[in-house]
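So that you can tell them apart, the chains are marked A, B and C in the order they are listed, and the count of residues begins at 1 in each.
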Amino acid sequence: MLALQLAIAGVATGSIYALIALGIVLIYKCSGVVNFAQGAYAMLGAYITYFLLRLGLPSIVSVLVGMVLMALVGMVTERLILRRMLKAQIVSVMMVTLGLLIFLKAVCLAIWGPDQIAFPQIFPSGAIDFAGIFITYNYIAAFVLASALSIGFLLFYRFTSLGLMQRCAADNSRAALAIGIHVSNQVSIAWATSAALAGLGGTLLASLGGLSLGISDIGLIAFPVIVVGGLDSLAGALIAGFLLGILEAFTEGILTPNLEEFLRSVSNIQSVGALQQVIPYALLVLMLLLRPQGIFGRRGAERV
Amino acid sequence: MTLVVTDLSIHFGGVIAVADMNLEVKPREIVGLIGPNGAGKTTFINCIAGVNEPDTGTATWNGREILGLSPAELLRIGVARTFQSVVSLHDLTVLDVVKLGAAAHAHNAQGFFEQLFRSDHGRDDELCETLLKPLNLVDVAYSPIQTLSYGQRKSVDLARALASEPALLYLDEPVAGLTYQEGMNMSAVIRSVRDRFGCSVIMVEHKMDVVNATCDRITVMAHGARIFEGTPAETQQDPEVRRVYLGEA
Amino acid sequence: MTMRSFFIGLALAIAVALIGYEANRFVAYLIYSVAISAIGALSLNLVIGFCGQITFAQGALVGVGAYAGGILGNAGWGGGLSLLGAGVFGALVSMLVGLPALRLRGLYFAISTLAAQFILSYLFKILVPLTNGVSGLVVKQLSLFGRPVGNDQEYAMICVTLLFLSWAFIGRVMQTNIGRAFLVVRESELVARGMGIDVSQTKLKAFLLSGFFAGLCGGLFAFTSRLANPEAFEIGLSVDQTAMIIVGGLGSLAGSVVGAAFVTLLPEAIQRLGELLPSADLISAFREMAFGILIVLFLLLEPRGLVALARRLGARREVASSSAVRSETGVVESGVAVSVQNRREL
């Protein structure tokens, strides 16, 4: 039953990866930029929600207000910084998002310090017994919320008129302008949405594993997700998120102990360290070699 | 030193861009390749310049098959080309570009360490004299490309192609974007290049006055195929050519 | 590089080396820190600034050099050979990292280098028999020409000398056809191919050369800190050195050195300022905030770096013509005279 337990844990974390990756793909489709600061948005969202919870606001309110505030942060960073860099080289734009990441991490460090903080319970405590495995309500809630928002967003993108405008603006900004879509507003909306989703993702992560600056690292896990899923595919990000969450859980739970046992018997190597963090990247490399557009991406943009 | 192209065809998706095109270029000949937009002129050139791979046909230069050779390999055997649009090569000076062109020819290839330790200032003067002077580029020899006018950049591209000492030169719309006077100057330059270097030239162009002034022979393309071939005077008279261009009955 | 800039560089190098030799430990430390980072920045500028290939793997490549240099030094190889070995290993691994560039386009290749960075970082940590893992590899004292290098001042001299030699070498390479080919490939691979340039070979050469100097940077790092520690060669180092070349100026040799000085010395300066603040965490937060803001501000206001900024301020004084010139980023700069002499950067 270890496999089932791992699968459940993996699906929960995977749903959060999907949420973060969704935001990155959304921004990429709209602005052509890979947002390195997405992890920072997640971290900041978690800290803001924590702050609101400490003020005494009820869980639901804190989470929602937190998301709204993150949407504002996303919009502000887009307007203030990214908009001015429309004509800059790609290296520069990527570095700007990196600079933003560094800055936001420092702000959180200044206000809340470097240590891990226990995140207040936002979901009822307790667990259910499923086939002999204990699943906490926390995990279930995280999974349900993350998946609901991800799928909800996909539906919104696909079926609503605002979603249609988003797709037009992302697909061909000139054509969109020509038919009267306010493209720069759409871009701001995309950034705001991504930041809000990331903020929720960070909050959920904190509720599962504690609040710390390290939450921003989730931005880095997102890369294997979007490459495997396809850099311009939202559905791909969703599915790949789950896949990688499960892969990570299985690596940590099954591959690592067995591999270590094997290595200890044939060599001096005692531990394989954080293998579960590196395996996604090995998968990324494999994907780039075999099918660079990812599972769901469109062919053509990636080969020289 | 003859180019013989036989039955060359290429299609993209459902569109047949070039259909059974034939062309022969004799030594020291300047051949103009004209036709309405979409006739397949540039596509044809791309096929024999190593950019696209045609579906059928052969092209021999001095009896040697050149289809399938890369632009680098073509340059090494003396086949060079210029480009329609001239990309700004930030920070590179005119001489830099010309030297790169020169390096493309087989006998100019230098080893890495040789380049590292020998100064090539001596070559600067030589290149200026032979290539830049005829094109009026000596004054801007050390200027970055991005500070030059469009017409000057086209001249630099020509100098670059010439620096590889070609025996066969493809010019892709050499006077597009130039004024009438600049166009006529370029025409004189092209003829003098042929006279001095002894190369053959294929020139894709739209401006008829330049074509008539420069070319020995004209080939007219329409819908991917050759519809006429003759001297400039004959071309102007031919009813089929007039129909294709002017739509006369 | 003109003769003039070569001699200016030489004079500066001699001056700084002498200062480093006579100064106190702290100043000598600052000097060799900047010099080592500058070598790294030069190597990164080769591949990003001159050849236009975006890479995030710099931290790991420097690490390869550090471990290679350290292991060779510990095995008894002399200082010069160890450093050479560090460079060679850096070059080889760099070429491996660069291979995907032959098939993948810009952004995808950049992500593959990100993967390379993480995978190499991970390997540094777990290949304990080779690297001693997270405890770090202790490196024996560097010995040059049979004589052990005793103090920081001597290290300062050595590092400045190696920096000068690296700078001169790379500058010379940029004057050859290989260097020119880098620039054309950066601008447009299509045009490069049409000009007869072998794009794949050119990219690989860029990675090879860059990797050598990244390895050298790492080797010096290992010898001066007497330790090769996996944490020092993570993505943070890649970010640092990329910040150096952006702040200093992409595609500018002098810019690499200036940027390295700026990024290395800034935290020191801020540390002094921050000592007014109550806690160590706040100081380091303040330092990181300033770093982040500076990166963003620079990229917004002067994306072509300090060197371009200096040139702009200098040129304002001798405006010859006020014609508008379209610069590389597409931003029109009006009122600035563009010097029509050889603009090849130092």
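Rule of thumb we're sticking to: a residue touches a chain if its C-beta (ideal position, glycine included) is under 8 Å from a C-beta of that chain, and two chains touch if they have at least 3 such contacts.
Keep in mind that what you see is a predicted model, and the values were worked out from it rather than measured.
Path length between chain A and chain B in the touching-chain graph (shortest route): 2. Chain centres here are means of the Cα atoms, and by that rule the chain farthest away from chain A is B.
Innermost chain of the displayed assembly, by C-alpha centre distance to the whole-protein C-alpha centre, is C.
Each of A-C and B-C has its own count of C-beta contacts, and the greater count is at A-C. Per-chain Cα centroids separate chain A from chain B by 52 Å.
Spacing of chain A relative to chain C, judged by their CA centroids, is 31 angstrom. Inter-chain centre distance (chain B to chain C, centres taken as mean C-alpha positions): 41 Å.
Among all residues of chain C, those that touch two or more other chains are 328. The residues of chain B lying in touch with chain C in their complex are 49, 51, 70-72, 74-76, 81, 83, 87-93, 96-97, 99-101, 103-104, 110, 112, 115-116, 140, 142-144, 146-147, 160, 164.
Every residue of chain A that touches chain C in the complex is listed here, in rising order: 34, 81, 84-85, 87-96, 98-107, 109-110, 113-114, 220, 223-224, 227, 231, 267-275, 277-278, 281-282, 284-285, 288-289, 292, 301-304.
Note for the complex: chain C touches chain A at residues 48, 54, 100-108, 110-112, 114-116, 118-119, 122, 125-129, 189, 235, 239, 242-243, 246, 250, 281-282, 284-289, 291-296, 299-300, 303, 328-331. Chain C contributes residues 172-173, 176-178, 180-181, 183-184, 186-188, 191, 193-198, 251, 325-326, 328, 338, 340-345 to its touches with chain B in the complex.
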